[in-house]
Each structure stands twice: as structure tokens, then as C-alpha cells.
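Two complexes come next, and they have one chain in common, chain A, joined by chain B in the first and chain C in the second.
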Partner chain A sequence: MDTSAHTQDILDMISNLPAAPETQGQPIAGVARVAVPLRADEERALRQHLERYWGRPVELQIEIAPSILGGVWVRVGDTVIDGSVQGRLETLRQHLRTQARIMIASAPLATGGDAP
Partner chain B sequence: MKQLGLDLGLFLSQIVNFGLLLGILYVLLYKPLLGKLEERAKKIKKGVDDAARADQLRADAEAFYQQEMDRARHEAHEVIERATLSAEQQRAEILAQARQEAHELILRAQQQVQREIQEGQTLLSQQVVDLAIAAASRVIQEDLDDEKHRRLIQDFLNEAKQIE
Partner chain C sequence: MNEAVRAQISAALLEQVNQFRFALRPYSVGTVIEVGDGIVRISGLTDVMVSEMIAFEDGTLGMALNLESNSVGAVLLGSQQGIVEGSTVRALGQVMSAPVGEALLGRVVNALGQPIDDKGPLRTNRMRAVERIAPGVIARQPINQSLETGILAIDALVPIGRGQRELIIGDRQTGKTTLALDAILNQNKDDVLCVYVAIGQKLSSIAQVVSTLQRHNALDHTIVVAAEASAPAALQYLAPYAGCAMAEEFMEAGRDVLIVYDDLTKHAWAYRQISLLLRRPPGREAFPGDIFYLHSRLLERAGRLNETHGGGSMTALPIIETQMGDLAAYIPTNVISITDGQIFLEEELFHAGQRPAINAGLSVSRVGGAAQCKAMKAVAGELRLEMAQFREMAAFAQFGTELDRATQQSLDRGARIRELLKQDQHKPLAMADQVALLYAVNQGELDDTPVDKVRLFAEQLTRFMRESRQGARNAISIQRELTPEVQELLKQAIAEFKEHSLALD
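Now for the complex of A and B:
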């Protein structure tokens, strides 16, 4: 899997996030999903990053979800940041499906001969 | 006269009688008979004239009949020619239309077959992609140990740090 491309996708996604709300100080709810439990320092770093970005406390609920395979999936408010392996595979699936559709649509098909 | 043995008086009376007889015969017999003969001749002449007129009329009628028959034959021939031409044109039009419809039918069938082939190929390719992704998921899941999980989480935190 191309990690640098995926990193760029995440950066693009994050850079398109809406500006932080003006309601400073009020906590906002969020969910983080990971495949394996976070260590204390990882959890602390994650909360700090999110709170620094949002500029207010984030009431983060951490869930263990083996289905994401690896990485971190976060939703804060209406915003989702998908840094999971499952998300990368899903992106790859969509890309491959699109490429296959384009190839099939552009491939010439044999005809049964000229009509009169 | 006596020397000839003729009696003049008798001779004269006989002449007179003969004249009278001729007059009577002329009036009573000759004149009516002549009239009858003239009447008969007129009738015969009229009959001959009528027969000639009838013959002329018959000839005229026959000529008219022949002329009408020729005209009818000519018109019938033209009608048949026009009908034949029209039928030929209609046959050609129907044939061309049938060919066009058959061509369009074949074209539509070919397009339908092409669409179905493409749909089948698309479905098959998507199933292949799904299978490949499922296999990749299984391999990745088996391959990810704790160290790799930690690295993935750290990568995410580093990326999040970059955007602060």
C-alpha cells in the first residue's frame, strides 16, 4: 500500500475540515476506533492533537474495532478522519472498481457482422 | 264497205263498244292495278332502303363497338400497367422497410448483447476486486503484529501533528 499517498489523502481531508467553531471552551463529543488498545501515551497524544485542532475539550470515546484492521478512525462532531487500514483498502477497492469499469467501457467488443 | 263484207254500222258500234270496253277496263282494272304496282314498288323500295339503312347502322354500331372495345382494351392495359408499377413500388418499399427494420432489430440485439457482456464483465471485475481486497484484508490482518499496529497509530498521530 502507498503510505505517502494515503498520508497526503488524510492531509487533504483534514485541510478541508470546517473552521473550528467559535464556541470556545465547550466540550465536543468524539469517537476514536482502533484495532488494538491504545497505550496511555498514544491516547494522550491523540486527545491533545484533537483538542488543539478544535480549540476546546474533546470528550473522546475510544472503541476497539478489529474490523478496521489497523490505524485510527476518528469522528468528532460531523467530521470523520479515516486513518485506518480498512479505509485505505476501501479507497483501493473503489479505485480498482473505477479503473475496471473504465477499461471495460473503453474496450472494443466484437460484433456479429455487418447488417444489410 | 259492203264489197269488203263489212257492216259500217256494226263496225262503228263495235269500235265504240271496244272503246267503251277499253275505257271501262282502264278505269276499273288498269288504273287500280297500276296503283297497286306502284304502291308495291314503293314498299319494296322502302324495304330495300330500310335494309340498307339498317345495314349501315349495323356497320356503324359494329365500328363503334370495335372502337369502344379497343379503347377499353387500351384503358385496361394502362390500368394493369399502373397497377403493376404501383404493386412493384409497394413491394420495393415494403422490402426496403422490412430490411431496415431487420437491420435495426439486429443492431438493437447486438447493442443489447454488448451491454449485457459489459455488465457481466463489470460484475465479474467487481467480484474479483472484492475477492482481492478480502484476501488482502486477511493477509494484512494476519501480518499485523503489535509493532506494526503501534507504527500505524504513530503514523496517524504524526500526520495529525503536522496539521496543527
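Now for the complex of A and C:
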């Protein structure tokens, strides 16, 4: 997977989140996890988007965590924005699970003998 | 599995994967700072709502209850094993909900709506918040239709209307559950759906209830919500609300529902436990301040909706267990004041063989009378009076004094009525049969039957009516009124039966 395209994708999503009402707050500490180091412009964009979302300066510490596979995972204060590939896969898995439930629910009962 | 099915499944999966659109949803997280006794204290979770579901790292669910300035108190809806201090908690962004719908009928589920029987996953995706505001005044209509329990003593003396809340109260082992169960057995799928909520009961008792329902083909129209005694207190606290949400779904679809909460005493205990552990201030009997609201908001959700809201109804039969017949204890008085009447079961009557052990003097139904059909009203009105007179005179008669004829007659009649009101468990009587029996006793047709033969008389008369007087029975159940013609039919039937049965002797 093209990681930088993916990161850009997530950055776009973060920039699209509704901004917090302007609070003249103290800087807030946060952690961002990425799978591979961010380019300078990506990092700048991330910081900007997060400060816009929280409406105050964010002291962001960037960690490299290959286990998230790709994308960006951010925790600022008590809020998590999970844009990691791992998180997206997890959401996909849950989505498939619910869809499967819906299919079972709408399918006729007992399909016959050759079901596993 | 054959090739075609496999291809079908992978095509469906691929389609779902393609349709899947990921959206970023920021969520609150917190850290466990304290865990014990099913209660978790969490720091963080700033945006969490009251009664919002939360998830722990190991997948265990919880519910946020106390939102304080620097921590959140939550209850665990599962085992506390695997939850360690410092682990992360995630807010799920939705208040406590339970699955609802027809798919739950015939199933046994826990307070979260997860199936605990062996019939596979639930075939429903509809969820509904377990806590909801009760329907308002505008949406309701007065109770005007009866809910037949099939129990003669109840249908005659403390009639229950659809949408009523009638409390069943009594000591342990007085037949409270049996009474409620009989009411469920008397319903059928096309008419009234049932929800049975077991709170803090032994698993063996729950299993017995389920098997009784199954044996009498009543499980098809019943949902059993079970929070057994060993379940976390939070689940016992939630169970009645979850059951209520399931019933509400049917009510809003225009169906009539009967819900049994068995029992609310243990529900109050579970809530007391949670409250004390959450350090909410204890009040009388160590119950928290909102113990009244706990039950009032639950029972207020029962009622009868008007036609513009679908015309459905939810009839609630909460059960309360008393200690040594003490109706004046805290929880009993609370629930008595919330409900529209109570059926008081007495241990003494039970042991004297009067089963169901209903104390006719202390039992009342505040709204059911309006719902009683005319035929029943006609025969039951006299019955009430006779019973009252009988109770009064029975006290005198104990002294063995000489009695005048009228008094003696009244006593004899009373003894027969009392005998007639005895009924075996799980043997519901149809309305027409009840009317016939009461008509017979009111007309003095049983006065010449020895008291110990009254039940035999009743049983045989019912069988006779069912077998050869179907016309009269139909007339009663269709007209629902004691017209002179119906009375004539009954009179004839009884006369013929008496001739018949005398010949048998």
C-alpha cells in the first residue's frame, strides 16, 4: 500500500472534522503514532489540522509504531482519532460482521443439509 | 459446502468490502484507576454520557453511571477478571441498548439481549435504548379492555385491564410466580405477546419456568429475559429495563403485551448494591434516594396507547416478595403506590389449601373493573358482596353460637364460593366457563352440593359445558353480556348437568 497516499487520505479526513469552538486554552499534550516517519510537510499539516480541531495549541509527540501498519493514530487529551490502517481494518471487520448478521436475519431459516 | 455457495459468499463479501466507506469518528478514552466489586472508576472519558456503553480492552462491556468532575464511575456488565488498573476504556457513543423484535420470541436472553439458550444467534438487528421516557398523556387512552388471566379469582375479583400495572405481592412460597406464569399460559400468539423477566432468581427456577412455558406451548409467544442470582448486579439492574424495551417495541407496533417482572425486590437489592458501591448516599434501609424513581420510571412505561399511536398496550405484572406478610416495608409500599392495584397472596391461605392464595379483602384492582366485560361484571359484582359478608360473619361463627337462617345461608354460600375459587396451577379457565361457574353459585345451584364436592362439581360442569354446551359458551364469549337469552341457556345447561351428574352418582 502506498503509505504516503494513505497518510494524505487520513490528513484530509482530519481536516474535515468539525472544528472546536475557539477556546483560549492552555496548550494540550498529545501523541501521534505513525507506521513510518512523516515527511516534514505531512507533519506540519497534521499539527495544523489538530490545532484547528482542538482550537488550541497541541504539543504533539510523534511516535513510530509499525504495528499500526499505516495511517495516523492520534490521542489528544481523552479523545482518540484512529486513522490507522489497523483501526480501519478493525472497523471493516465489524462492518462485515454486522452485515453478515443482517444477511442471516433476512435469510430464510434452515437452508438445508449441506451447510457446514 | 459446494462451489456455488462458496462463490456466493465471497461475492457478497467482496461487495460489502467495496461498499464499505471509512469515516473518522473521534471517541473518548479513559484509564481504569480502580476496579472491584463490579464497579470501575475511570479517569478521562470526558465526553461520556450517562448510561453510555463503554468497552474495556478485553471486550467486556460496562455502563457509565456516575459522572464526576475528575472521574467516571461505571458498572461492569461482565466478569471483572481481565480488567486491570491502567487499562484503556473506550466510549462506544451509544446509550445502553438491547435487541428487539419478533426474532426474540421463544428465546431466552440475558439482560443485554444476548441469547443464552441453544438456538443460535438472534435473527434481528433492531436495537432499542433500554431506558426511555414513558409515553406521555396525549399518547395514552384509558384502560377499557380486559386481559384474561384464566384465573377465576383474579378475573372475577381483581380484574386486570390491558395496560394496567397490577402488583403480585406475597411472602416466599405463596405462588407468586405460578400466578404470573398462569397468566402467560392463558395468552395466545395472535392476541397477547409476553415477556418474562427473571431478576436475581436461581438458575434452576428459571429453567423450570422455561420448561413449563415450553410444555404448555407458551414459549412461542414469550421472551424470557434472565438475570440470575449469580449475574453481575448491573445486569440484574438492567434486566427489567431491557425486557421493557422489548415489550415496548411490540406495544408501539400496535400489539398487546404482558410483561412480568419477577421480582422487583431483588431488583431493588441489586440497585442498592450498585449505589452503595458507587458511594451514593444511602437512605432508608440503605436504599439510595432514587429507589422510588427506579421502579416508577419502569412501571410508567406500561400503559395503553391510543389509536393514533397504534393502540397497543403493555400490561405489567411486577412481583414483590414480602417478609412475613409485611406490606408496610419500604419497597412494597413504594411499588403498591406506583401500581394500579395489587394481588396479595397469603401464606396462611396457601397452607390451608386455598390456592391461588389470594386474600380477597386486601387485593384490589383500581382500573380493571372498567375493562371487565358485562357478563363477568354481572356475576362478579354479587360475588364480591357475598365474599365480604362471608368474611364478616365467619368471625362470629367461630364462637359456635346459634345462627339465624340467613346468616347460616350466607356462611354456606361463602364456603362454597371460597371452594370454587380454588384452582389448580397451569389450568386456566376460559371467560365463558368462569361466567358459567359464578352464575351457578350465585343462583344457589351449588347450595345443595357438599362443600368438599364443590370443586368436583365445578370441574365436571366445565367439562360438560365444553363438551355439550358449546352454543352457550360461544354466546357468552361473543356477546360478552348476560342477556336474558344467555341466562336462559345457562340455566338450562346447569339444570341438565345436575340431572346428569346426579344420575352418575
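The working rule: the second predicted complex is superposed on the first by the 72 of 116 C-alpha atoms of A that agree within 3 Å, B and C clash if a C-alpha of one lies under 4 Å from a C-alpha of the other, contacts with A are read in each partner's own complex, and residues count from 1 in each chain.
As a working rule, contacts are C-beta pairs under 8 Å (C-beta built on N, C-alpha and C of every residue); 3 or more make two chains touch, one makes a residue touch a chain.
Please read all numbers here as calculations on a predicted model, not as lab measurements.
When the two structures are aligned on the shared chain, A:26 is found in touch with neither chain B nor chain C. Ranked by how many residues of chain A each touches, chain B and chain C are led by B. Judged by the touch definition given at the top, the superposed model places A:42 against chain B, while chain C stays out of reach.
In the superposition on chain A, A:102 makes contact with chain C only, while chain B stays out of contact range.
After overlaying the two complexes on the shared chain, residue contacts for A:69 are found with chain B alone; chain C is out of touch.
Once the two complexes are overlaid on the shared chain, A:77 sits against chain C while remaining clear of chain B.
Of the two partner chains, chain B is the only one that A:34 touches; chain C does not reach it.
With both structures placed on the common chain, the touch criterion links A:92 to chain B and to chain C. The intersection of chain A residues touching chain B with those touching chain C, taken from the two complexes, comprises 10, 14, 81, 83, 92, 96, 101, 104-105, 109, 115-116. Listing the residues of chain B that touch chain A in their complex gives 99, 102-103, 106-107, 110, 113-114, 117-118, 121-122, 125-126, 128-130, 132-133, 136-137, 140-141, 144, 146, 148-150, 152-157, 159-164.
Chain A contributes residues 10, 13-14, 16-17, 75, 77-83, 88, 91-92, 95-96, 98-99, 101-105, 109, 114-116 to its touches with chain C in the complex. Interface residues of chain C facing chain A in the complex, by the touch rule stated above, are 1-2, 5, 12-13, 16-17, 20, 22-24, 26-30, 44-47, 90, 103, 121-125. Contact residues of chain A toward chain B in the complex are 3, 7, 10-11, 14-15, 34-36, 38-39, 42, 45-46, 49-50, 52-53, 66, 69-72, 81, 83, 85-86, 89-90, 92-93, 96-97, 100-101, 104-105, 109, 111-112, 115-116.
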